[in-house]
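Here's a structure for you.
Chain IDs A, B and C follow the sequence of writing; residue 1 opens each chain.
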Amino acid sequence: MVEKSIKRIYTFLIFMFLYAPIIVLIIFSFNNSKSRGVWNGFTLKWYIELFKDREILKALYNTLLIAISSSIISTILGTFAAIGIYNMNGIFKKIILNLNYLPVLNPDILTAVSLMALFRFSKLEFGLFTMLLSHITFCVPYVILSILPKLKQMNIYLYEAAMDLGATPFYALRKVIIPQIMPGIITGGLMAFTLSIDDFVISFFNTGHGVSNLSIAIYSMARRGINPVINALSTLMFISMLILLFTINKRNDKDLIEGGR
Amino acid sequence: MKLKRFSYPYLLWLGIFVAIPLVLVLYFAFTTGDSQNFGEFQFSLDNFKRFFTPIYMKVLIRSVNLAFISTVITLILGYPMALIISKEKPSKRNMMILMFVIPMWMNFLLRTYAWLTLLGRNGLINTLITKIGLKPLDLMYNDKAVLLGMVYNFLPFMVLPIFSVLTKIDQGLIEAAEDLGASRIQTFIKVIFPLSISGVITGITMVFVPAMSTFVISSLLGGNKSSLIGNIIEQQFRYTGDWHFGSSMSIILMIFILITMGLTSKFDKDKEGGGGLW
Amino acid sequence: MTKKGLALLLVFVLLGTLALTGCGDDTPSINVYNWGDYIDMDVIRQFEKEYGIKVRYDTFATNEDLYVKLKQGGSSYDVIFPSDYMIERMTREDLLVKLDKGNIPNMSKIDEKFLNRDYDPGNEYSVPYMWGTVGIIYNKTMIDKPLTSWADLWNEEYKGQIIMLNSQRDSLAVALKKLGFSMNTRNIDELEAAKEELVRQKPLVDAYLGDDIKGVIVAGDAAIGVVWSGDAVAMIRDNPDLEYVIPSEGTNLWFDAMVIPKNAKNKEGAEKFIDFMTRPDISAKNTEYIGYSTPIPEAKELLTDEIKNSLVAYPTDEMIENTEIFKDPTDIIGEYDRIWTELTSEQ
């Protein structure tokens, strides 16, 4: 019993720590002042302005588009890569693994300018596509890193057994390997999404032609002070995430109960 | 076994988007000249000579120090959290992991600004402290604030990999240990922790590395009074315009981190796991 | 089921975007590249309506970022908004085109005193957009006597209350001005002396900040800060206890201006846009939104009394007599970098 309450309190404190700034942010989205420093009374005006702000809504669209597509692509690419790399041997494996580490190791700005130079040499037009390529590049390593430990945990004989029983490699992959490493794939995908949605430097240097995401909009507002419209948008994003999460969870619970009968 | 073929598409990707840019960075690091005119660089080792002087060494040591402390704190805070979550029933577990990640979907700059509102001299925490009759604390613009920012931003990157490894530990092993009379602490030290080590190493990598090269956290929460290596690299690329020196510092940082991670992965008994370095 | 639904949705979104970016639009357009939140979007809508030219609008965070983007190519801009010293550099490196003043008749509305400055003699390349000064802002409830000079930032009494700018250039300029040197000096001894001043000041400084300085001062977390005049106006509105002064040793006068890069695809549209932005009624509307100072007297007259009589936003000529505009620092930037690294590598 004591242990249970210690766990509860610990969980509560950690979540408090994670959510404290978010709560502040939400409260300040109702602040009737452009500056962060003072509370000037309650207002909904930032929410109204948000829906009139074509640029920010477009940036939101780009952000989600890039984050969703880059996390899906890098999760798929990364999952296959991780399985392949795990089954390699010797010096080659080491070289590949270390190369894979580079986008994680390098400061963002270095990744940003080196990719920019690459795109410039290859005469690609800067825009949504180059931004997507660069996001995939820095997301895949994280996916691979979160899947490798799961592969290590996996019982490899299961796969071989499936093959012996006549399964095709793809069938065995789908039915045996993937289910076993699923938690790793999910955490990898989550990390990729998180990194993509939050990136400024790499996006900034690898976009063009009027394509910008929320991070670019926010960072370039910094000199003049961040427009509270952004706080309003973040609040709405946060709340819709929570609602989505709770409904999915509710449904899963129901499915479980019904499935049990 | 033909499983390694699955990695070929990514190998191609690595070649184009990682290896070629790395060659470019090396080219920058070993040359000098106007960074924007690619044709006119001269070979030089000056960038490296410049880095190995006391000023930059001091900055490097400070950065390593802060990154190390923040990694240790994140591990101490994150491991129990991952353990608690992994013991929940599956539906609640996924929910909790998602709730762990969602705050990170709010923009980094906005979250860090929100910390300013909390930690400032007239901030919310100090207002509460003075309400209950205590003296206000100096929470901002020091190393503690920088550490807090690092722990806050990198904690999920520690919890997620550890969590995903913990969920798949064979419960039979734990029960066996308990049947054989191991105490819960013994079970943890002898069974659970060793089995989760690959997740821990991945977590350490994902926290230590960005903590080494961060610049926004030290700048917003540390007040820029003492630079980290990330600040100096950023300054070269985005203000001074000396991409050569910036690249060579990045290369040095990269080698340094690779060595550190190589040493860390020595703790991974059979080197097949997440670390996989050397 | 839901998984399939999600996948389908994603495919549609991707196809939709491809379709959107794919199909060429025949209406003329211009690409405008500006600082974030530095224009009233309604003004852009009005321009699109009046001229039938579509505006693709993009934002950047610093002059140096703008420079790199421009230099690297890969995307073309028709109108960009660099600051004074960056215009000087871009002109020298032949990145800008000369304006056809016949296409920008509203240029005559700009106050003479803001034209023909060193960064662009004869205004062949640039049309001023906003201007201002750099000064000290302080909280009257926390500081009991009026501050008047940069030297006040070295007063031991204010230990832990001072916020400096996290910018090599601006902070060195403060120290140089305090010592009575030009902020554009190339003299190493003078720069060294300024560095010594900054090292001496460091124990008194609470933090070196960028844009977040505004929130910190408004909240009263610190009492004294170095800020741009345009921001000071907004800060004082949020916290009336604040006071802005232009230090007696003299200060920096700055301009952000509109220019057309060499690789612009629609120069004609760009000139129409610049002319439109310089029209007094438009400039007034825009200035009201941004809160900085317009260089167009007729536009200023259209603002509220509170703003147009504000000595923060519109100081008298005497107040800005003793000011300097930044010169392009490219040749001396290595020294700035060394000094700043030496200053910030100390604990």
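Here is the rule we go by: a residue touches a chain if its C-beta (ideal position, glycine included) is under 8 Å from a C-beta of that chain, and two chains touch if they have at least 3 such contacts.
Note that the structure is a prediction, hence the values are computed from the model and not measured.
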Subject >> Co-neighbours of subunit C and subunit A - touch as defined >> reply: B
**OP:** Tell me which of B-C and A-B has more C-beta pairs in contact.
**Re:** A-B
**OP:** Find the geometric centre of each of subunit B and subunit C from their Cα atoms only, then give the gap between the two centres in Å, rounded to an integer.
**Re:** 34
Original post:
What whole-number Å value describes the gap between the mean CA coordinates of subunit A and subunit B?
Top reply: 16
Original post:
Could you say which residues in subunit C touch two or more other chains, in rising order?
Top reply: 62, 65, 68, 72, 210, 215-216, 219-221
**OP:** Mind pulling the residue numbers of subunit A that touch at least two other chains?
**Re:** 36, 113, 117, 218-219, 222, 226
Original post:
Can you list the subunit B residues in contact with two or more other chains?
Top reply: 113, 116-117, 238
Original post:
Across the complex, what residues on subunit B touch subunit A?
Top reply: 1-11, 13-14, 16-22, 24-25, 38, 77, 80-81, 84, 91, 94-118, 124, 152, 155-157, 160-161, 163-165, 167-169, 195, 198-199, 201-202, 205-206, 209-210, 213, 215, 230, 233-234, 237-238, 243, 246-247, 250, 253-254, 257-258, 261, 272-274, 276-278
Original post:
Within the complex, which stretch of subunit C touches subunit A?
Top reply: 10, 13-14, 17, 21, 31, 35-38, 41, 56-62, 65, 68-69, 72-75, 210-211, 214-221, 231, 234-235, 238-239, 290
Original post:
For subunit C, which residues are in contact with subunit B within the complex?
Top reply: 62, 64-65, 67-68, 71-72, 166, 168, 202, 205-210, 212, 215-216, 219-222, 330, 333-334, 336-337, 340-342, 344-347
Original post:
Across the complex, what residues on subunit B touch subunit C?
Top reply: 36, 55-56, 58-59, 62, 113, 116-117, 120-123, 140-141, 219-220, 222-227, 231-232, 235-236, 238-242
Original post:
For subunit A, which residues count as touching subunit C in their complex?
Top reply: 33-38, 40, 53-55, 65, 68-69, 72, 113, 116-117, 119-120, 124-128, 130, 204-205, 208-210, 212, 216-227
